[in-house]
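The two complexes that follow have subunit A in common; it is paired with subunit B in the first and with subunit C in the second.
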Partner chain A sequence: MKKKVLEVKDLETSFFTHLGEVQAVRGISFDLHEGDVLGIVGESGSGKSVTSLSIMKLIEDPGKLKNGTVLFHEEDGNVVDFTSLDQREMNEYRGNDIAMIFQDPMTSLNPVYRIENQMVEVIRKHTDMNKEEALKRAKHLLELVGIPDPEAQIHDYPHQFSGGMRQRAMIATAISCNPRLLIADEPTTALDVTIQAQILELLRKLQKETKMSIILITHDLGVIAEVSTHVIVMYGGMVMEKGTVHDIFYTPAHPYTQGLHESIPQSTAKQKERLVPIAGSPPDLMDPPTGCPFSPRCPYTMEVCLEKASPLFAVSDSQEASCWLLHEDAPEEPDYEKAREAK
Partner chain B sequence: MEEREPLLRVRNLKKHFDKSRGLFKREKRILTAVDDISFDIYKGETFGLVGESGCGKSTTGRTIVKLYKPTAGQIIFDGVDLASVPEKDMLPYRRKIQMIFQDPYASLNARMTVTDIIAEGIDTHKIFDDQEDPKQAKQKRIYELLESVGLKKEHANRYPHEFSGGQRQRIGIARALAVDPDLIICDEPISALDVSIQAQVVNMLEDFQKERGLTYLFIAHDLSMVKYISDRIGVMYIGKMMEIAPSDALYERPLHPYTKALLSSIPLPDPEHEDKGKRIVLEGDVVSPINPKDRCRFATRCNYSKVLIEKIEGQFVKALTDKYARETLLDPNTHELIVKENQLITEAIANRIEESGVKEFHINRAKCFTEAPELIEYEKDHFVACHFTEEIDKNTL
Partner chain C sequence: MGSYYIKRTLSAIFTIFLIATITFFMLRIIPGGPFTREKKIPDSILESLNEKYNLDAPLYEQYFDYMKGLVTFDLGPSYRNLGFTVNDMILAGIPATFKIGALASLLIIIVGIPVGIVSALKSNTAIDYFVMFMATLGVTVPSFVIATVIIYLFAGQLGWIPTNGLNSPLAYIGPVIALSGYSISFVSRLTRSSMLEVLRQDYVRTARANGISEGKVIFKHALKNALIPVVTYVGPMVAAILTGSFVVEKIFAIPGMGGYFVESVNNRDYTVVMGMTIFYAAFYIVMVLLVDIGYSLIDPRIRLDGRGSR
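Then we have the complex of A and B:
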């Protein structure tokens, strides 16, 4: 049995704007084990990024972590609840144990400092290396992530790097203190597809060579399929389905997951099949639908779906989905027409 | 495809931007966004244009509608060369060629209602002016359009900010359709939309094509969607057309090394696909399109443009001399630089390479680095711009 790295329980995060409460994350729970790559997939506004920021305690005003625990298991078995720490205590874990990379590497690197200074600063802050040792480590890391000629390029400023190189430099900085967990929030979304392939290859390599666990947040099912071992599908701030990558791609149980698969062109299809879009549009998180967030768009909506959100039902040992159709009392052939009228 | 009557013929189109710097612009810097490309779009088809950011695909689209003035070349639309039509006479052609933009937030005027947005084109082109009651005819048309893009009559008097991204893109499509165009240039129309919404818009575009016999130029970087929607596809790289082929042929048998790498980079939504692990990962980054050298623009990243020279006693120095190095080599003992990438190997350097004890060394394939390849019809309807298409195809390189 692999060791646990992270346990998230009943996490709820809201943003209190002048227009009202935006419920970005509405009670999500999951476990992450050592060496796993957990893909969190969802559309814009599904709450996937807010989930990762909540884990890191990076939610700023007017946002608030309303409920839930984030248990981090340290290497020696010690368990800490991040939600009970203050920002100063949290800084002990950021960078050392958990590192994060973001979508846009230009805004996350400081434009007025050389790559060298930024990397050395991070390494020295988290280790007791001296300047020379830290510089040597930085060069080694740049080489590891595939920056050509790190000896010379380390002295460059971020704007002298291309988008792909910046993202590599970000990854190099993030892994500089051998974190137990790397959170990558849309790490390849801003990159071209050939550069994306290089970065995904790099993440795969790092995960294989170190024991590091990765949380990969993306809207791209293709990226998920490339690198993840486990997947969480989010919608309207809730978990719709979770399972191994195999479960989610070959035996999706939730109508939303199924809908996502049908709305993208199938790579294997020899003949052109018409795409099957999901009708309607994503929910307004200011006023989320009562019941299942997907119910207004779901082709199988029953009356119960409109009243109460479904809990997660086990589909197999590894797979769970929150859909009332999986309840033992769910009718074999529900009367969808009737429910649609009610809707 | 059967009739094969070209609606648009682009010939040797160039769009250069002057980015010169310094006093009196003494430092000449010409950005060759689109550099001598030619292609046809047939009536009723969807021609996909793909490539990475900065390859010139959007510039191509915008130059065709003359949002940019072409630097050189012809844009022959329905027999008329738009490049030589003066701006004041462009109006009738602007009606025939419409555009849908990527960003549904930026491309709709926030101060106009949906009615105003859609009516603008109708008014500009005076479409209903010969009717008895132009106002009513216009209103009727607007309602019809809204309905056909899946919106309601009630939406007509609302402002863009009241709509979601997908709905705004529908308004953009309604605006384009309002003037009955023949050709619609779709510049990344679905890139800003959520996955579940993309399919709605793509299906809608396909339905309109069938109903109205529209022709599309579909510009996108999402390769799986382009394959899905296009009949034929052109692949661009730094201002040049690398390959043009029917969509199935291109994906089943890409011939250009860049296309091969590009297609193999698509992350497949299928964890156990047979092609997993067969990825061609390119080295390096896209080179700058400013003052490009006269050579294949893909040469620096191409896996076929390098030649392996193995160390054979007495031959090594000779084989390396006067060639260009593909890789940087440091002395394994002293870490001193022996030769830099793309540097000419003199006899002295060749001797040092031999002395360094390496067993093999990569050099540049000369032709790729000295001559720009032409786009040639290698097989029927399959055009490739590579010096070694046949050799790579038959695996004899």
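Then we have the complex of A and C:
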């Protein structure tokens, strides 16, 4: 049995704007084990980024962590609840045991400080190293992430780096204190396709070498398929389905997951075959639907779906989905294609 | 880099030449002259005066004469303060003006910037609203009103500070506050909005995600970026303040350059107006150059030689 790294329970985060409460995350629970690469996938506004920022306690005003616990299991088995820590205490974990990289490497590094300065600062914050030792470590890390001439380039400013190099520098900083968990929030979205593949390859390689766990947030199922071991599908601030990457790609149980697969272009598709979009638009999180958030767009909506959100039903040992169709009293699952055409 | 400074110096000289030329001819277009009085001066005296100062020569000749003097930093004699050259007058005005100007500039920087930072960090709280109210007041109330209130209240009613002159350390309080009021308010507003903008940037979030302490996030990662627009404003502002304010110098009876400048315009004292204008222009150009150098020190993306970067 692999050791647990992170337990998230009933996490709820809202943004209290002057127009009203935006319920970005509405009760999310999941476990993450050592060495797992958990992909969180969902469309814009599904709450995946807010989930990761909530774990890090980086939610800023007017956002608020309303409910839930984030239990972090340290190397020695000690368990801390991040939600009970203040910012000063969190700073001991952030960048140290749990690190994060962001979507846009162009703006995520401070433009007025050298790469060297920014890396050494983080290393020295979390270790007892002196300046020379930290600099040596920083150079070693840059080499590890594939910066061609770290000896010279560590003295560069971020604007002298290309997008891919900046993301590499971000990754180097993030792994500088050997984190147990790395959260990567859309790490490849702002990069072009060849660089994307390189960065994913790098993350995969680092994960294998260091045994750290990764939470990979993306809206790209292709990215998930490439690096994840486990997947959570989010929609409207809730978990729709979770399972191993095999479960999600070969036996998707939730109509939303199925819909996502339908809308991906296939290289084996016949010419002129049209993609199938999911009809409708994502829910308004200021006033989310009472029942299942996907019910307004779901081809199989039943009465119960509109009244109450479904709990997570086990599909197999490794897979769960929150859909009333999986309830024992539910009618036999109709064929997705047929239902869509009928609609 | 060297070639950059050569280029900047050449363009500065050209700018000053243009300003001198335009000012010279504009002054001559304005009706009246240095010897125009309410009571008419007899023609014979006027003629001999004009002859003494070579004002009867053709305009182009006067212009070339003046330019020749300018090249050797000789700004000519004053037509109204007999026996004084313009150089003398500027040198006489500099100490008083620079002293209150430097103090005011210092006050603006050490009060304006911290107040702006506090206001940004406490944005939308009572502290922020109070500071911004005061800042709005400071920007809208003109310096002569501030000066008058200070004199009435602190010099007149309370008798804490002298009403005029610069003869005791306390005497500096009034003019320095009156001189800096507007800019303190402006700088604190500018710092606040710039700081709020920077605190929303991704790199600030990155610093927090790396466990950097809040103090370092604000004073290291955010502040340096937030100061870029402030530096833009402070450079020319210092130039303006150091060259004197007519109003404040007049109200507090301080013998500085600001007073001379306005007086000389009223008197059509051609050489003094020219000299003051050129002095101000040169000073301004130097301050703008310092701002540009300051930029390149703060923001590595700005390169002075204009070659840009990758």
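Criterion: the second predicted complex is superposed on the first by the 326 of 343 C-alpha atoms of A that agree within 3 Å, B and C clash if a C-alpha of one lies under 4 Å from a C-alpha of the other, contacts with A are read in each partner's own complex, and residues count from 1 in each chain.
Keep in mind that, in the parts below, contacts are C-beta pairs under 8 Å (C-beta built on N, C-alpha and C of every residue); 3 or more make two chains touch, one makes a residue touch a chain.
Quick caveat, the model's predicted, so the values are computed rather than measured.
Thinking of the overlay built on chain A, is A:M129 touched by subunit B (first), by subunit C (second), by both, or by neither?
Neither: A:M129 stays clear of subunit B and subunit C.
One more residue to check, A:E226. First (subunit B), second (subunit C), both or neither?
So A:E226 only meets subunit B here.
Contacts for A:H159 in the overlay, against subunit B (first) and subunit C (second): which applies, first, second, both or neither?
Touch partner of A:H159: subunit C, not subunit B.
Between subunit B (first) and subunit C (second), which does A:Q198 come into contact with in this model arrangement: first, second, both, or neither?
A:Q198 contacts subunit B only, not subunit C.
Who wins on subunit A residues touched, subunit B or subunit C?
Tallying touched residues of subunit A, the top partner is B.
In their shared complex, at which residues does subunit A touch subunit B?
43-44, 148-149, 162, 164-165, 192-198, 200-201, 219-226, 245-246, 249, 259-265, 267-268, 272, 274-279, 281-282, 297
Can you name the residues of subunit C that touch subunit A in the complex?
201-203, 205-214, 216, 220-221, 224-225, 298-301, 309-310
Looking at the complex, which residues from subunit A come into contact with subunit C?
Residues of subunit A touching subunit C: 56, 58, 87-88, 90-96, 99-100, 102, 104, 107-114, 121-122, 125-126, 157, 159-160, 170, 173-174.
For the complex, which residues does subunit B have touching subunit A?
Touch list, subunit B to subunit A: 52-53, 164, 166-167, 194-200, 202-203, 206, 221, 223-225, 227-228, 261-262, 264-273, 279, 281-282, 284-286, 328.
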